[in-house]
Amino acid sequence: MSEPVEERDESLFEAPPMGEQERMIEAILFASAEPVTVRELNERMPHGSDAAEALVHLRKRYEGRGVTLMKTGDAWAMRTAPDLGFLMRRETVETRKLSRAAIETLAIIAYHQPVTRAEIEEIRGVSVSRGTVDQLLEMEWIRFGRRKMTPGRPVTFVVTQEFLAHFGLESARDLPGLKELRSAGLLESRPLPASMPGADQGEDEDSDTMLPDGDQTELFED
Amino acid sequence: MSEPVEERDESLFEAPPMGEQERMIEAILFASAEPVTVRELNERMPHGSDAAEALVHLRKRYEGRGVTLMKTGDAWAMRTAPDLGFLMRRETVETRKLSRAAIETLAIIAYHQPVTRAEIEEIRGVSVSRGTVDQLLEMEWIRFGRRKMTPGRPVTFVVTQEFLAHFGLESARDLPGLKELRSAGLLESRPLPASMPGADQGEDEDSDTMLPDGDQTELFED
Amino acid sequence: MSDDDFDAATPERIADRMAAEALIVDVDGFEGPLDLLLTLSRTQKVDLRKISILHLAQQYLAFVEKARALRIELAADYLVMAAWLAFLKSRLLLPPDPEEEGPSGEELAAHLAFQLERLQAMRDAAARLMGRDRLGRDFFARGVPEEITRTRRITYTATLLDLMQGYARIRTRDEFRPYAMDRDSIWSLEQALERMRGLIGFAGTWTDISTYLPDGFGHDPARRRSATASTFAATLELAKEGRIELRQADTFAPIQLRRKD
């Protein structure tokens, strides 16, 4: 039941009490899509209002609240408190399988540590992409080891405690050897399907980046 | 590179203090144009929070302010105080003018829900045009309810949460004058005497005579 | 009350008639007989519950008469209502006939009164509803709603088995070498046969065998060789099955085939 506007305006020759003015700017700032200048506030409020003063009161009222008054340029806006930004985010965690390239690189590091990038590449037969190493570093499954005392003093990679914890190993030496892998049936001589990366190994720079889209997903089978 | 959310979750086995929870729901409700359910609030707040209790505090805090808390169904929203609407004309989005037929149809659906098209036509004494119903559906003020268990199993219409939110109603029970209309018997479906015009129209579509008593009240209890 | 009585030129009646005429002018403005009846009933200036249905019936019939006199075409449902109200009027005026089946005139009148009251109630309710403070008109939602940003955090995992299999794959790759031959440039006999079986149905006339090479095998020499060999072998197979005929004009001339019907 809205009252006629004219009537209200006429009855407000005297400026409304400050508490009322505070309510008014509160409502205007809340509903406005853009920051509002003091001048604009005064224009919209009943004659004789003092938006600047009302803003001082309102700002004080919202101190420490979940919503704060902010000044941008000479305009004012209400915003959620910066420390509560996390409430505006929704994080979903998705777990994916490591790519084949990452697993192979990780396996080589685990079995051969400390190992240089060049050595990993030699064993894998393909170059190792930066992304793969970075990913493993970020997961904290590998870290830099001591530099090798060979020309160029290349950095080496070793696996971390986190790696051992994740895989339930006491030390990297506990990893089963080739013979054990074979007797465990993990080395059955089954031909690789023709479409698998590594089939024309050597040309395949890095299976991560070179694969067509369709194949890409397959690597993340989950 | 720590994961802020996980860490936060872990450090918050204890729910944050109620004042902090109040700030949080204040921020969430403030930031949303749509009503937010208590359930969603709880989901977004740290583990162990009690949004319902925080809402009680927050509602009290905003009493008489330029912005108030409004409840629709089990969802809450922040809205400018209705008495300050005159300040806000500038923000008004011109809503499409509803025809008289649409307004009446809407009212009949709200007060008689769930109601079939044939029942609406009986009350209005004219057929309801497709366009009218479509318009109300499109505005998301009405939706299809359960089919009536009468011959032909006609579809029914009910009003939506959006309808309640638009008119600032907490539930359909709060419709103005509902109690008076009911006690005056004006929300009953009285059978049409056989010889009246319209009594034979839409024979199977629906017939009020088949309605079990108390069907009407059932839906206002939710 | 009779029709004569109704037409008597008392000032009140004149007002009624003027109202009726005014109504006729915008007959299109009515939403049907019930709407018209409700409007007419207002001229009685009494509570809808105490309305005289008999009087209302007379008003309605007079309205329809006027409309006819002014040659205004009324929709069928107005005339149906008129007929029914005439029937109701007679029922209300005549003493009840014990032989008659169905509801009494009073019952019918009561229901009509109920319908009118209900329609009026709904109209009042609609007006109250629309008069409420409304979102976007009287109260307002947040002007700049903040979207909830949804971030997807992806964590990667692997099992020890993955790790060992991966390692085994690398260390034993040489064992697999013979199998990992490049089959890209090979068009096998099976593939050729399958392709030919599907196509020979359309070979009603002599067609050059080279037109049956699969797409992408026509240019690269290695691929072309493979496809030509397998396609040729396939045609021989099909000829043996009696599905096609083959011919060659000369040594090294193009080989042609045709469906055998």
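Chains here go by letter, A, B and C, matching the order in which they are written, and residues are numbered from 1 within each.
FYI, contacts are C-beta pairs under 8 Å (C-beta built on N, C-alpha and C of every residue); 3 or more make two chains touch, one makes a residue touch a chain.
Here the structure is a predicted model, which is why all the values come from computation and not from measurement.
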Chain A to chain C, fewest steps along touching chains: 1
Farthest chain (mean CA position) relative to chain A: C
Mean-CA-position distance for chain C and chain A (Å): 42
Whole-Å gap between the CA centroids of chain A and chain B: 38
Geometric centre distance via CA averages, chain C-chain B, whole Å: 25
For chain B, residues that touch 2 or more chains besides their own: 5, 30-31, 78, 80-82, 85, 88, 91
Multi-chain contact sites of chain C, meaning residues that touch two or more partners: 132-133, 137-138, 140-143, 146, 153
Contacting residues of chain B [partner chain C, same complex]: 3, 5, 30-34, 70, 77-82, 85, 88, 91-93, 95, 98, 100-101, 103-104, 106-108, 110-111, 122-126, 165-169, 175-177, 181, 184, 186, 190, 192-197
Chain B contact footprint on chain C (complex, rising order): 31-35, 77, 80-81, 84, 87, 102-103, 107-108, 111-112, 114-115, 117-119, 121-126, 128-130, 132-143, 145-146, 153
Sites on chain C touched by chain A in the complex: 131-133, 137-138, 140-144, 146-173, 175-176, 179-183
List of chain A residues in touch with chain B within their complex: 2-3, 5, 8, 22-28, 30-33, 44-45, 64-67, 78, 80-81, 84, 86-88, 90-91, 138
